[in-house]
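Two complexes come next, and they have one chain in common, chain A, joined by chain B in the first and chain C in the second.
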Partner chain A sequence: MKKDILKHELVPDHVILSKSEATKTLKKMDIHPEQLPRIKSDDPVSKAIGAKEGDVLEITRKSSTAGKFVTYRLVQD
Partner chain B sequence: MRGILKKISQIDFGLMSPEDIRKMSVTKIVTPDTYDEDGYPIENGLMDPRLGVIDPSLKCRTCASKGGECQGHFGSINLARPVIHVGFADTIHKILRSTCHSCGRILLTDSEIVDYREKFDTLIRNEESLTSIIKEVYTVARRDKCPHCEEDQEDVKIDKPVSIVEGNYKLTPSEVRERLETIPDSDALLLGVNALPDKDGNRIARPEWMVLTVLPVPPVTVRPSITLETGERSEDDLTHKLVDILRINQRLKENMEAGAPQLIVEDLWELLQYHVTTYFDNEASGVPPARHRSGRPLKTLAQRLKGKEGRFRSNLSGKRVNFSARTVISPDPNISINEVGVPEIIATEVTVPVYVTEWNIEEMKQCILNGPKVHPGANYAIRPDERKIRIYEETKEAVVDKIEPGWVVERHLKDGDIVLFNRQPSLHRMSMMAHEVRVLPYKTFRLNLCVCPPYNADFDGDEMNMHVFQTEESRAEAKSLMRVQEHILSPRFGGPIIGGIHDHISGAYLLTRKRAIFTEEQVFQILKKAKLPIPNRTGENWTGKQIFSQVLPKDMNIVYKAEICRKCDDCLKRECKNDAYVVIEDGQLLTGVIDEKAYGAFAGKILDHIVKEYGTDRAREFLDASTKLAVSGIMKAGFTTSTNDEEIPQEAKERIEVHLDNAEKKVDQLIEAYDNNELEALPGRSLEETLEMKIMQVLGEARDKSGEIAESYFDINENHAVIMALTGARGSMLNLTQITACVGQQAVRGGRIDRGYSERTLPHFQKRELGAKARGFVHSSYKEGLDPIEFFFHAMGGREGLVDTAIRTAQSGYMQRRLVNALQDLNVKEDGKVTDNRGVIIQTVYGEDLVDPAKSDYGKVVDLDKLIDEMRIKTGK
Partner chain C sequence: MIEKVTKVVKKKRAKFTESLIHEIAQAAQRHDLDDDELDELVKRVKKAYERAKIEAGEAVGTVAAQSVGEPGTQMTMRTFHYAGVAELNVTLGLPRLIEIVDARKKISTPTMAIFFEDEYRNDEEFVRTIANQIGKSTMNDILQDFHINYAENNVVAELNMEKIADKRLNFDDIINRVEKAFKKVQIDNNLLSFEPAKSSIRELRLLADKVRDLQISGVKNIGRVVIRKEEEEWVIHTEGSNLGAVLKMEGVDKVRTTTNDIHEVEKVLGVEAARNAIIHEAQRTMDEQGLTVDVRHIMLVADMMTADGSVKSIGRHGISGEKASVLARASFEETGKHLLRASIRGEIDHLTGIIENIIIGQPIPLGTGSVGVVMKQK
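Coming up: the complex of A and B.
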């Protein structure tokens, strides 16, 4: 039986950013994509949302200090 | 000087070939002697002048630079016979075991070789570690028959430390070297030796280089000889060892040339091997350490590097520094928390460099005139050309005449200088804080009692270190970031870590309790002592609360429950009969007493409020003044404690006795019920566990109840021990009731005591006895005294506590070390990004909410309840 892992409470929301959104975000943070933390392209979540190498994911997770927290990851093989 | 930025792309760790050693060598060392009769170094001896110079007046024969600038040059010794390097004996053994003894090929089939080579290539390409795969090769490449030349293989063993044995035959180092020579470069790679030549034909390593034919001789700078006061020369341990090697080498060579019998040559060879082995490592297992004439083992190469006293841990990771001082600390309640009392002896020794300008030249001249011995003096003057001139009593006048703007004077430490003060273990940033100097008589560092908690210091002989800043930049930075007042709030929990302790708290309680009334005379004395402004005379008496209000900010509003609050079900608020409901309106303490919750370290609400609302300057003033008020308060009332404070009437003792007897009876009933199988098991527990739990519960309640009975006879108004316990100054109510009423159950491993003899704790009991006393319940109080059985159980529980703390500190120390190593290079950028030293992002927003815990309200962004309370007071309820 296969479950949709994206619906699990411990899996935060992952969204693939479009090229323009990604450049905008990186520019806002003043960094190169290589400076971002990585996520493997064969990570279960990457596979579930169909992320390819070089994509930037926006991850929104619950935070005990801030309530909601947005971070980014670069997909890597 | 501007540095050139270059990125290191690669570091090779390899072996030195005999050619490399010879190329590096400036001279061959032949003679085992150092100096001739006239004291001149012998050519081709161990102190050959070409090896470098130490004496600054001589020039180096090799590089022509002066002594002190020349870092020295290596020489070499040609060994008469090859010798195995101890450090590589293990590797040599592993390589020989995995290669054919006749053709030298690795004991892998051709297909395996192709397989592994591919794996190696991918790992190297990905810059991953090869250690695990090399280990695998060593286990796979062990065969009885060589797959290449079909030769039968004999097992190769190692006889520690350096003997390689094949079957029953001990291989000589020459044979070992010959075998290693036959291994092809490509096979060596699979064995972990990078023997492939690069495009220039240079190799990083070859297996046979692990057997020495030439021995490098370190320069004299590495092994300097010391001249004793008697004029006698004493050589370094390494030199001694090299002399031994040279002597044996010489004898071996002579014997071989003379065609001596094989046996003698082999003996000498063995001896040479021993000396070379101990030259590298004098603690190698299986070799008796080489000793000095006095019997002390020699300190050879490995010993110089290894361990706590070795080069790494003692000279590279940690160093001794100049401009620092260390001495015993003692308390001084009259100096500010920002200050540190520095003994005059230290102040005249450590110095601050001051640039001479036309504005301070007179002051500096006065310092120099005072000389190095009188306090605000100076020790050195530095000319504009950076020559350092020591100031002596005799020369000071000459220096004063020459001094002019542009010079630097290293003057003594004086009041108001900023220094760094530190107590080990430096576990958090509050372990190193910047203090202002107060030069004081006597020989100890003096510090304000409020800074004891962050340093975790007491005065039972603790020592602390002081470092003097040497540049304006460091002073400015320390003053704004590291000053004590900037660390009143701890980043650990967002509350004060610096604050009143012990007598400050008892004192403040005595000062502010309801019945504390003072005459105007007394009030003026107290205020004067705290350096507070003296108000106009009115002729009326003051309450202690009015006195304390003098140190509060005039517009402060706060409401909280004091430490002495008994947590009644129905809070009477301002009408509290314990005076535990603290109300401060417009800077006036209206109700409530001042205790630990007000300005104690770790708990002080008023202090916390002042730092956050009025800034650190105001907080320092408050703390300095309020602790002085508290000290006056305790001196006016008088304070003492003794075992009389733990005395209760006979009637109370009887009540406690009855209570404890009942509890013990109840335990017996429970055991009886268990024996008769009438006990019902709790869900998820066995019958035995249920019984144990119930007994523990009954005995726990019994102890608590007996404590409560004792407590009801204690009166906070006349018992100083109780004042200390309830205000949070020192000790707890549990401590007091254990002294007066009942010590209670002793525990080992979280349960009642159940170890010792077979099925019983002590032979005084029946086997399998489960009663209260048989399992470590201490019925007596400390004051009554424990009987021998109770005493024994108490010692068991106490020992466990000691062992636990010892283990906990060791474990948490190691964990802290690893955390610090992992996190030390992280840094928070202006916009809140957390990055490592390469710029890779660890967290996009610091702490996910960008809150500095040291500036937060106990870790939260805002404390709404507190804000609402304040506003309620401001608007008039």
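Coming up: the complex of A and C.
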């Protein structure tokens, strides 16, 4: 059941970035992690993929304008 | 072809979106372009793309507000839409749009569309069984005969086995529910007789109503269900919504089954799904009224509403009420409250927003006004 929600059409792909990947992407965007939009650590998706507080999630959305759009969210309590 | 275009785009140092690359690839194929022509095409598309991009400092929020607001004035004030054959009514039009933007906890007409997995999609029998498990039914729906016996001081109910079979209910389950709900009950096959706790006519009549209203099946928060055949498959539409419980049911499509309750989507599927639900619902509401708003405006609204990890309303209790600047909050609503609180707490206004700077008469940080001068530190 936990994993089932990840298949739902409303839920885009969430991937936990490793520490080095996270620093790299943040540096590329020239921002601090606090400037990212948030996702709660008790969000159903955070729980399903096992994200911890402080992790940066890479979210690949299906977009009707761009086709594919990559964005990031910071996990927080 | 797509790989080739991707390579050319990379060479020209353009950052194109996936759909744009696909479009270029299609055009190149259609017109049978050679490498030089493709280069030229990408170069020109890049130029047009850069020009079309929103510039830094553009007031996108204001543009979005106006772009959603103007068609909003043309919406019918109060409309009810009948989904299909005049059975379920769903709030649409302006009231629905307000509901979405206000992020109401209790929406006026929650409804679900339940789809089924491949193997059950055309299995009418299975769909009807599920529909009866989801939809609410009471004792009253399966009675053959029902009467109050004043002489013997009891209520006699005779169950109609045909109706039970028609509703695909399990007889034993019903008996279990009855036994759980009523202490003094005698069961003789499909003949049930109930006795009141105290013997008085009033008690007896109250008991009769209770027996008739006993819920024997259904998922919490869901009322009536409508089964319909849509494009070669069976779909259940419900009045009321409970996404969590329905998604756990066997045979239900866990990919497409949805609800129009955004808070429920957030609870079951997370913020990102809620963001998609907001966009989808808002756009559907506009489309239904024959109005077209560019999705990007709605996307911006949805992004703002979900930026802090939960669905927040636009307005006093949400985005506008949480602005950092005291002056910006005070100029929106509840002026006295904000000024008083700010003075008690000793809040500082950094004057970084638009409203604050208009109030004190400075140039606003928008467009060319958003750049400043910084001295080089030695």
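Quick notes
Keep this in mind: the second predicted complex is superposed on the first by the 74 of 77 C-alpha atoms of A that agree within 3 Å, B and C clash if a C-alpha of one lies under 4 Å from a C-alpha of the other, contacts with A are read in each partner's own complex, and residues count from 1 in each chain.
By our rule, contacts are C-beta pairs under 8 Å (C-beta built on N, C-alpha and C of every residue); 3 or more make two chains touch, one makes a residue touch a chain.
Given the structure is predicted, the values throughout are model-derived calculations rather than measurements.
In the superposed model, A:Y72 makes contact with chain B only, not with chain C. By the touch criterion stated above, A:D4 is placed in contact with chain C alone, chain B being left untouched. Of the two partner chains placed around the shared chain by superposition, chain B is the only one that A:I31 touches, whereas chain C remains out of contact. Put simply, more of the residues of chain A are touched by C, taking chain B and chain C as the two choices. Applying the stated contact rule after C-alpha superposition, one finds that A:P12 touches chain C and leaves chain B untouched. By the touch criterion stated above, A:K52 is placed in contact with neither chain B nor chain C. Of the two partner chains placed around the shared chain by superposition, chain C is the only one that A:K40 touches, whereas chain B remains out of contact. Contacts of chain A with chain B, set against its contacts with chain C after fitting on chain A, overlap at residues 37, 63, 65-66, 69. The touching residues of chain A, when paired with chain C in their complex, are 1, 4-5, 7-12, 14, 37-40, 43-46, 59, 61, 63-69, 73, 76. Interface residues of chain B facing chain A in the complex, by the touch rule stated above, are 831, 833, 835, 839-845, 847-849, 851. Every residue of chain C that touches chain A in the complex is listed here, in rising order: 17-20, 22, 247-248, 254-256, 258, 265, 267-273, 276-277, 280, 295-296, 299, 303, 306-310. Across the interface of their complex, chain B is touched by residues 29-31, 34-37, 63, 65-66, 69-72 of chain A.
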